[in-house]
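Look for subunit A in each of the two complexes below; its partner is subunit B in the first and subunit C in the second.
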Partner chain A sequence: MATETPEAPRTAEDPQPGGPTPGRRPPGPRATAAARARSARAARRRRRARPWLLLAPALLAVGTLLLWPLGRVVWMSFQDYGLREIVSGRTNFTGTDNYAEILGSSYLWTTVLPNTVLFAAACVVLTVVLGTLVALLLQRLGPFWRNLTAGTIMMAWAMPAVTGTYVWIWLFDPLNGAVVQSLGGLGLLDPAATNWFTGRFSFYAIATLNVVHHGFPFVAVTVYAGLLTIPRELTEAGIVDGAGAWQRFWTITVPSIKPVFLVVVILSTIWDFKVFVQLYLMPGGNGANPQVLNLGVWSYVESFAQRQYGMGAAIAVLLTLLLLGITVGYVRALFSESSGEKGDRL
Partner chain B sequence: MRKCLRRSTAALVTALSLTLAACGGGGAADDDTLTVWIMEGTNPDSKPFFAEVGRAFTERTGAELDVQYVPWPDAHDKFTKAMAGGTTPDVAEVGTTWTAEFADAGALADLTDRARDAGLDEDMVPALRTAGTYEDRLYGVPWYAGVRALLYREDVFERHGLDAPTDWPELREVARTLKREEPDMLPFPVVGDGEYVLDAFVWGAGGDLATRGGGGWTSAISTPASLRGLEFYTSLATEDGTSAEAATTWDEADLVAGITGGDVAMAVAGSWTPAAIVADSPELEGKLAAAPIPGPEGGMSPSFLGGSHLGVFNTAPDQDLAWEFVELMTSERYAARWAEQSGYFAGRASLVEQAAEEGGPLVAPFARQMRDAGRTVPVTPAYGQIQGKKTLAQMMQSILSGRKSVEEAARAAAADMDRSFGH
Partner chain C sequence: MTANPARPVSPTRPGRPGRVGTAVATAALLAFTVLPVYWMVTSALDPGANTRGADPLPSGVTWDHFRFVLDEGGFGRFLLNSALVGAGTILLAGLLALLAAVAVARHTFRLRTAVLVMVLIVQMVPLEALVIPLFVQMRNLQMLNSLLGLTVVYLAFSLPFAIWMLRGFVAAVPQEVEEAAYLDGCTWPRMFRSVLLPLVAPGLVATSVFSFIVAWNEFVFAFTFLQDDAKFTAAVGLHRFFGQHGNDWGPVMAGSTLITLPVLVFFVLAQRRLSGGLAAGAVKG
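Entry: the complex of A and B
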């Protein structure tokens, strides 16, 4: 393979065995055309094969590390797969029973799915808005304050999700947490009669704070990098034309770095749909309060906590499909926007 | 450059083969080495103990002992992975609530005849033997266990002339008095995510979690007797206010943290907790006392025994050698020493009896609870599922947060359990 590839272009032009040989009288025009077409086809085939050859090692790695396990999950999702099947190595196919049970349960439609979608939507919107505001702030600051601010928000980003979650739990701890204690000290509530972890809304409000706090630095840094690419003349022209900050943001900044926003939104959406640690570690989030599970935690509780690996796999497949659908939607939006822009320019 | 490449390739190959060798080192070890998995942290320093056991084992059988430590939180996943990959150890410490599940999956060896021939049968703590028996065959030999009983602040009780309650009305009265006299403390927290505390009150009232009939297991959590227990236990929080809203999302670890922090006056806590509490907050030294969990009209309410069995895996090439180890570990000498070092009770009834008679004030009440009123949860893999799903915690949280009445919540939990039992 290694010796063949670099030689490929030259051999492609070599005459075929049994064909005309150089130095002789030129053959008839028809024979030459046929030979040329043949060798051109062969060359094209090689050219087409070459990228695949170069990609092969990467594809092999991705295939074994990603596609094979993915296939196993799909394969398991059509089975009633438990510890007994693991030990014996036998299969136990039940067709689409797992999917029927999940899609037929009102728990999915009234609790898990709304929790997942609304929580992710809230987190994405808040993360992007806050991140963009911080990016705009960074743009206006002098070097010292910019580095200080960027360094500080990086700390929030660098904190592991588990540690961050425990900090938020402590802050909102119903008995001794700083928030409850200070509100109780002001006489606004009775600490003994308060537990924000039991309510669906308050539970998710705390989780949202946690996720947004952990996620906005990434958006801020990425958007700030995008802001640096906007030519200063555009903004100056806007100022000369008398556009306010609000107007300049929507007519100059946003259109210029739209792709950056799309990437940030896609990534945030994927992350926020599959939030697990931040919910599972919160009091009641491990399944004790069924009102607050999202798809990720539900999948874990069904598969690993109850040892029904088939059911958990089916939920995971559904979550993947949902995410895939949303991502395809975003990507199509991105491409239609960019081709539209090209059209405008022409 | 080329030399360097070759060297790094060689290093890679070596590393890979080492990894492979390490992966294969589970059950398929040499014939003269016995691989054993032990949970980490039960005994603060178990290395000297197992060094000595290893010497005794080699003396007895000529084989080497290879003890590997497994942290509790990862243990179940690690067992599952080992079963999937065929790398299970020869012998392992298995949590008492997992034994039936692993036996049902076909991973554990039947030890009924060996235990009988060795004469271990008669001296097993009954509840632990029940937990290790699946479909009338023994798969786990009781090794050690802990029990939950009433733990209270003796100094606070003395200040108000209170004694440990001996029946349920007294328990309620003591908790009410504490609420009145000690407004800054939680008299008796009712925890939302503490199934084993709840069990004592269900069993105490004569109820049960599930019962076994001809057609398998059926939930019993919504029977009238169980409801009486539930009603009493939750009403302490919902009517008498002896708990706090915060406890709705507490588990037993939070409860222990509450006692350690000096916030809690009386609670149901494990026999292994007093030592840890005093170690974390030395000012509580000598201020804690224990008593069995009272029954509704005196006596004791049964309490859950949680601990470990020793199980032999089917993959062990030399089953006799594996059994030798189980026998050595559960022998009076080593069982007693392990109990002493770890702060748990041995799985042998005679040793528990001894602790009940001769133990100190923070040991004897727990030992009496274990001897006279120890019990275990339904021995079926389906119950592991129910625990994983947190059915009873869901029930408790919906009662404590006022979303459902006791009866509604218990009915929902019973229906949920029956689904897991396959009805």
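Entry: the complex of A and C
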């Protein structure tokens, strides 16, 4: 048995862990090595099965509620699946028509895809830069201010996306919102003629502010935890060698915690490609203004407003493939970064 | 010429201009972070919220908006529904995730890495991709308009991350403690109950807080599944309320405050354990 676990051979002599305790059922004087070997085998079998028994409920839940629906969404994406098909339960395969229609439409290439990619890119860059700056700031603070600041930025993280979005809408409200009113008070713009929610760029600028505000604490906390693992001597050696703060950051800090940066960049990328609530709840974001949809919202609107479930499923599949590509890139980067002994850090 | 030996080289003790810069940056950060929460709470208390403009202070303090959303808006019912769904999710996710975390952290078996990678990949699946088939599935099971159906869905979503976090806490328990229990004649279930469970309890609390927040904050599934006013969770209730009283910002902010405050309190209480668990889950093998 080449794949034998390290503990397993030991079980043969020492059946205690997990197995039936020999003290309770002592082998009779005649019970020979054969019986003992049999009970040891049973113990080993139980020990080998236990992880799977422990995993079974979780795997069952994940399988029926995540993996099976994921298969179904692919299956639906090859059909013209509408309300009639849902009610009757019949299938209506149309091959790759949905995909052809989506990939052939200029709406995807000129509006939805640029919205999705540029918005996600802006959010990731700003979130990671701001989060890293905050982590560096936390490092410079004394214990009291550090705990206070860390606790406060956690509030931004904890704020539900739904209520956070409504607060940003209120702040940027075209009539009475604080931002319009204060800029109008300074004479910078005319509040009566301003509505930032109708313009594609200003709509996404507000959404970016919302997402970055909500996302930077995770980056800050994670990068700060990474900064703590950098040996102090490295930084001091950099100072002794006359490296400035900028140079030390790029030559010492970044290489030392590159895996941490990879994790936060990729997780942020995945989350920001999937942004839904922050866009859907904004004025016009629920499909009323087709200029401001991203892939996720488009898929939802096609399905539940237009009742084109097959089309919505196809869009969702494309989004999933995009994210899968990013994930594979992430895992590969992580493994090539820490090949060998660090590989099992995952 | 190398560094002046009289000057401390520690990067954590910068000179005076550095200290001023740090103070300014900290103040700006705190202001940026707190602004939405501050604006939400003060608008909820402001009797003239709609005409507040950019006034940093509310024009007065009133509980009328809160009274309005609780009496007329039905927020009491919405908050109760959210709490029920959250409690169900905590119980189920805590149990299932703990068992799975023990399997992944303690037992070396084939496919262990595969299970972990699956946990990661599952984390990446966009919810919009799942809401369509799950809507059809739940519709066929007649569970569309039920809080139980929602709880089961949230269980699946909080599981991967809960396993990921708990794994770190389980791995932190020394193997010797378990072996000592076996030597004292414990069977595996006994060891689990009397040794492992008390030791990972803090991690379980942190994970439960996380699962609760996932359930409390979730919008897409609740919005798609629930059709009956009496079944709405708080997030969906707020959306409906905003649709009816869109430009009445005092009550909208009062409703938002009622939804946000429990989460903030939970989060701040569990903050350190949560971030500790995140780091442990990510680093410890």
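Basically, the second predicted complex is superposed on the first by the 277 of 346 C-alpha atoms of A that agree within 3 Å, B and C clash if a C-alpha of one lies under 4 Å from a C-alpha of the other, contacts with A are read in each partner's own complex, and residues count from 1 in each chain.
In this text, a contact is a pair of C-beta atoms (placed from the backbone, for glycine too) under 8 Å apart; a residue touches a chain by one contact, two chains touch by 3 or more.
What you are looking at is a predicted structure, and each value in this text was computed from that prediction instead of being measured.
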| item | value |
| --- | --- |
| Which of subunit B and subunit C A:Ile86 touches, first, second, both or neither | both |
| Which of subunit B and subunit C A:Pro231 touches, first, second, both or neither | neither |
| First, second, both or neither for A:Pro174, with subunit B first and subunit C second | first |
| Touching partner for A:Pro255 - first (subunit B), second (subunit C), both, neither | neither |
| First (subunit B), second (subunit C), both or neither touched by A:Gly329 | neither |
| Partner chain in contact with A:Pro114 - subunit B first, subunit C second, else both or neither | neither |
| Partner chain(s) touched by A:Phe304 [first = subunit B, second = subunit C, both, neither] | both |
| Which partner, subunit B or subunit C, touches more subunit A residues | C |
| Footprint overlap on subunit A, where subunit B in one structure and subunit C in the other make contact | 86, 173, 175-176, 304 |
| Touch list for subunit C against partner subunit A, complex | 2-3, 9-12, 14, 18, 22, 25-26, 29-30, 32-37, 39-40, 43, 50-54, 95-97, 99-100, 102-104, 106-110, 112-113, 115-118, 120-137, 139-140, 152-153, 155-157, 159-160, 163, 179, 182-183, 185, 187-188, 213, 216-217, 219-220, 224, 235, 238-239, 242, 247, 249, 252-253, 256-257, 259-260, 263-264, 266-268, 271, 275, 278-279, 282-283, 285 |
| Complex contacts: residues of subunit A adjacent to subunit C | 3, 5-7, 16-18, 21, 23, 48, 50-52, 54-55, 57-59, 61-62, 64-70, 72-73, 76, 86, 89, 133-134, 137, 139-141, 145, 149-164, 166-168, 170-171, 173, 175-176, 178-179, 181-182, 185, 213, 217, 221-222, 225, 235-236, 239-240, 242, 245, 248, 263, 270, 273-274, 276-277, 281, 296-297, 299-300, 303-304, 309, 312-313, 316-317, 319-320, 323-324, 326-327, 331, 344-346 |
| Of subunit A, residues touching subunit B in the complex | 82-84, 86-88, 173-176, 191-195, 197-198, 283-284, 286-290, 301, 304-308 |
| In the complex, subunit B residues that touch subunit A | 77, 80, 83-84, 101-102, 104-107, 192-193, 244-246, 248-250, 258, 261, 263, 381, 384-385, 388-390, 393-394, 397, 401, 420 |
